[in-house]
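Common to both upcoming complexes is chain A, partnered first by chain B, then by chain C.
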Partner chain A sequence: MDYFVILLLQIGSAIASLVLLSIGLAVIFGMMRVINLAHGEFLMLGGYAAITAYNHGVNLWLAMMLVAPLTVGIFGAVVERLVIRHLYGRLIDTMLATWGLSLAMIGFVTVVFGNTVSGISAPLGSLSIGAYRTGAYEIFLIGIAALLLVVGWLVLRFTRHGLISRGTMQNPAMAAALGTNPSAVYAATFAVGSALSGLAGGLLAPLSGVVPTIGSAYIAKAFITVISGGAAILSGTAIASTLLGAINTLATFAFTSVLGEVALLVAAVVLLRLLPQGITGRFFRRAL
Partner chain B sequence: MKAGRLALASNLAVLAAGLAVLFGLPAFAETYLIINSTIFAAFSILALSLALIWGYAGILCFGQAAFFGLGGYTYAVAAINMGETTLPALIAVLLPALFAGLLGYFMFWGRISDVYLGVITLTVSLIFYRFVNQTAGEQWNIGDAPLGGFNGIPSTPILNWPGRPGDQLAPEDIFALSVSLLLVLYLGCKFLLGTRFGRIIVAIRENETRAELLGYDVRLYKLAIFMMGGAMAGLSGLLFANSVFVSPTMFSLPVSGQIIIWIIIGGLGTLIGPVIGCIFMQILTNWLGTLSQVKGFGWIDPNLVLGVLLVIFVLLVPRGLTGLTIDFWSWLKGLASPAPTDTATARERTDP
Partner chain C sequence: MINRRKLFRSAAAGAATLATGPFVIRDLHAQDVMKIAGIHDTSGGLDIYGKQMVATLDLAVNEVNDSGGLLGRKIQLINYDPQSNIQLYTQYATEAATKDKVAVVHGGITSASREAIRPLLKRFNTLYFYNTLYEGGVCDRNIFCTGSTPAQTVEKLVPYVQKKWGKKVYTIAADYNYGQITAKWVKKYAQDNGGEVVQTDFFPLDVTDFGPTVKKIQAAKPDLVMSALVGAAHISFYRQWAAAGMNKQIPLASTTFGNEIVITSPEEHNGYIVAFGYLEGIDTPANKKFVEIVHGKYAIPHMTELATMTYHGLHLWADAVKKAGSLDRMKVIEALEAGASYDGPAGKTTIDAKTHHDILDVYIGEARDKKFVVLEKFPQQQPADTQAVCDLKKNPNENKQYVIDVKT
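Right, the complex of A and B next:
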């Protein structure tokens, strides 16, 4: 029984980390069709922002949940104005430019912080369930991931900003004719997506530590989650995270953690062969 | 025909340059330079493989490193088990081609389009990377060959003369082999693109639906060119294994990305551009590597320079060095004679 609870918690934690990893990308790719290959480095930057702020005496929670998203959000806004803006509608070119950006960020962070692992210990201590112990922080992350999804849905569904952004994504010309400014909406969306990536990077930093090259460990997982999810950014991400996170954890428990990751990637490739438009391209098509 | 003569002239020029390197370089270069040039030639074949399938067939494969690594590992494992290396070398080309066939079947028959294709190929190369990285230990031996996990196989055997096991090729011979193969493959690709098959491939890149409506089985053509790309990447891995050794980094994301940088900087949609881009970038990276040891320049990180260069090229020089040269050339011609009409320049640009 205890073992079962631990297994469930592990699955939940894997799902939550997939949601966190991919939510920023889901906003940027799902809404704007911009392939941000520097997404992993956005997460990495969030981690470094949180750790640096914490080392300078900022409260850990503030560092993770305020400093990290703000830093990366502002960085994203600058990148959007300097690079991405010129490449809208040119899918491959955005992909390449952001890949160059990712390399440059890895290089820059290596120069500034050195090629070593930095870390902070996870707060909240641990929690014992029967004979097993698990980190309370991981349970906190499950809560945060759920909260992000719910808040995201509420914003998109019920606020004026959500409506405008959805309208602009569906038909920029029509939205512009009705008096919105698509360029500003794109900029804001990119900044929000970046901020979400920064938040995720900050929150995950205590668990994984940060190195300049950590982005490459995140990027593939984030992309396959978003693409397997399909057109509906929030529910798609949630469903794909659930499916892939469960597969990952079960394979990890059955074999090794590396084979768990391999199982996740193989499952995603097979899933995309069966449902090329992603899960929400076939089911729950009207969801958000 | 003027275009025909120009194509012939450019082929002859490439042939002459290749032969000059092939026979000229060993005359004065030290072994270090020879081995480095062998690596350049191996990478150039890799660049050529993606130039063919991305530049001409429009298949953006983000995981060309998968075939590259597969070629290297297949060769190493087979050569350690068999002793003689001629057959392993053949297998090292065939297996990546077959794997490309399997993967291509999945993708092209699933009608997976550009972005998704990029992500799937990227994922596949990551699967290989993760998997091979953890293959340390006895249980991962294939026959006599330990896969060696993170360390790779440092004792990768060197090619021997066909039929004479133990009689290994010298670095100069491997250099000659690599450069000749590069030349043959370059001219072979040129020839291929001039055939009916090559023209259909380009037609599919230009407009897939129209090619399909004209009665061509698009999936089959894409699969064929994708397999050729896989075979070339495998061959490149084999040559690389002979001048360095095989390790999991062959499968890694930076390798896949590097190939794309070479092509963007050299010029997409040409064959010579990626090769030039590859050699240019390799020399630049090596130079940056030595520069970082010079006092005062230690802060320069190769990744930083590569990244910034890539962003600049995508934003400002989308047609790469080849495009830049052509523009510069027609600008010079324009200075010498009255400006050419717009249609003439347009035709020049679309000419492969």
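Right, the complex of A and C next:
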């Protein structure tokens, strides 16, 4: 029984980490159709922001949940203003530009922090479930991921900002004709997406530590989740994370962590073969 | 007082030093110096090891030079930084052997980098010292391997922790030849000692998520965990293990937990038991002096076996050159084979003529508050694994790395 609970918790934490990894990318890609190849480095920057702030005496929770998203959000706004804005609608050019940005960020962070691992210990200690022990922080992350999805849904569904961004997403020209300013919406969206990535990077730092090149460990999973999820930002991410996270964890428990990764990739390939538009391209099409 | 001319002169000298790179001494005349090369990664993922190896190599070279040099000449150390990139290893080894015509090359950190330059240096008749602990089995008369191998460390570590904690072992190891071979040795020694390995899991070097593993280990209920995890990403295992409170529940021993002690916190690593050919906590005057210099002058926070054996390696070579009275490669090799020995911070290390590996002292230590405390010392351990497959006395022309067949 306790083994079953611990298995469920592990699946939950795998899903939560996929949600956190991909939510920022989903917002930027889903709303703006901009493929941000520097997404992994945005996460990395969030991790460094949190760790640096913490090492300078900032409270750990503030460092992870405020400093990290703010830093990366502001960075994202600057990047949008200087680079992305000039490349809207030019998919290949944005990919190239953000790829260059990712290399520059890795280089810059390496120069500043050195090519070594930095890290902080996970807070909250541990708790026991029957004969097993698990980190309380993992459970906290599950809660945060769920909270992000719910808040995101509430904002998109019930607020004026949500309405405007949904309108701009569906038809930018019509939204502009009705008096919105698409470029302001895009700028805000990019900053919010970046801030979400920063938050995720900060929250994941205590578990995995950060190195300048850690983005490459994140970005593949983030893209696979977003593409498998399809057009709907929140429900797509949630469903794809649930499916892939569960498959990954079950295969890891049954075999090894290598086969867990293989199972995740195979599942994504099969899924995209059957549903080329992603899960929400076929089902839940009216979801957010 | 600084006038303009003096300022100009020192600026020019500074520029010249910059242009030739750090550590290169150019003000000596060519006939007064003998060149040697160090090839260590001081940037990229392995820099944490490379930097301290360069520091100890520099220290040893300075010591030899200060005591009058070798054969009446000063040693000039040329350091190459291959940036954790194997291609640059072959490029720099070729450059060192052909352009600089160095007397000896010290270097290589991973086994992959060693196997990239070992055949090359043999072809160019350039003597090679590899000073890293590794999986064993290299059989080549042109190379001297001064680091420890699993038969020296794992053989002592496994029975020690089994006696202390119990017989059931769960092994987690890095997924490349070092981890695979070490895991086999762990299994062999665990069984020889009347115990068992309940499960062995391998992890590619970029894995950072160990959540499922932490739970799988709990489900298997071992008496102890044996870790041969390697590199930056795998440090997250120790963090996640401690975050789940498991470091207080199931004890852990490791053949690789070295510099990780600097990055993890005492709450995360206290109580881990390791075995190496060198530990910073060795309580001898020679080691205390060594550690003081390296911490102070070179600002290296923590010394590992790799860097200390680099220091031993350079001294072993220098003593052999003195004994041979020549830089001739064969004469130096023969001097080293004649039981060359150096007593230094790691204790006494002696070259085994049959295998060109080190007979060395093995130390079992416990991590306590960012330091390793020596629990037990096993003096003069033979490299029994390589000895089982390699005999350079009988077959001096051998040139390969044996994959040692571990019978379990």
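Operating definition for what follows: the second predicted complex is superposed on the first by the 288 of 288 C-alpha atoms of A that agree within 3 Å, B and C clash if a C-alpha of one lies under 4 Å from a C-alpha of the other, contacts with A are read in each partner's own complex, and residues count from 1 in each chain.
The rule is short, and it goes like this: a residue touches a chain if its C-beta (ideal position, glycine included) is under 8 Å from a C-beta of that chain, and two chains touch if they have at least 3 such contacts.
Being a predicted model, the structure only gives us computed values, none of them experimental.
Trainee: Report for A:3: first if it touches chain B alone, second if chain C alone, otherwise both or neither.
Mentor: Touch status of A:3: second partner only.
Trainee: Answer with first, second, both or neither: which of chain B and chain C does A:159 touch in the superposed model?
Mentor: neither
Trainee: Name the contact category of A:214: first (chain B only), second (chain C only), both, or neither.
Mentor: second
Trainee: Contacts for A:59 in the overlay, against chain B (first) and chain C (second): which applies, first, second, both or neither?
Mentor: Touch partners of A:59: none, neither chain B nor chain C.
Trainee: Go through the superposed model and pick first if A:125 touches only chain B, second if only chain C, both, or neither.
Mentor: second
Trainee: After superposition on the shared chain, which partner residues are touched by A:258: those of chain B (first), chain C (second), both, or neither?
Mentor: In the superposition, A:258 contacts both chain B and chain C.
Trainee: One more residue to check, A:170. First (chain B), second (chain C), both or neither?
Mentor: A:170: touches no partner chain.
Trainee: Which chain A residues lie in the overlap of the chain B contact set and the chain C contact set?
Mentor: Residues 216, 256, 258 of chain A touch both chain B and chain C.
Trainee: Once bound in the complex, which stretches of chain A touch chain B?
Mentor: Residue positions touching the partner: 35, 83, 86-87, 91-93, 95-97, 99-108, 110-111, 216, 219-220, 223-224, 227, 256, 258, 261-262, 265-266, 268-269, 272-273, 276.
Trainee: Okay, in this complex, where on chain B does chain A touch?
Mentor: 60, 106-107, 110-116, 118-120, 122-124, 126-127, 130-131, 133-134, 252-253, 257, 260-261, 264, 299-315, 318
Trainee: Which part of chain A faces chain C closely enough to touch in the complex?
Mentor: Residue positions touching the partner: 3, 6-7, 10, 13-14, 17, 114-119, 121-122, 125-128, 131-135, 137-138, 206-209, 211, 213-214, 216-217, 249, 252-253, 256-258, 260.
Trainee: Show me the residue ranges of chain C that touch chain A in the complex, using the header's touch definition.
Mentor: 43-45, 47-48, 175, 201-204, 206-216, 218-219, 232-233, 235-236, 239-240, 242-246, 249, 263-265, 267-268
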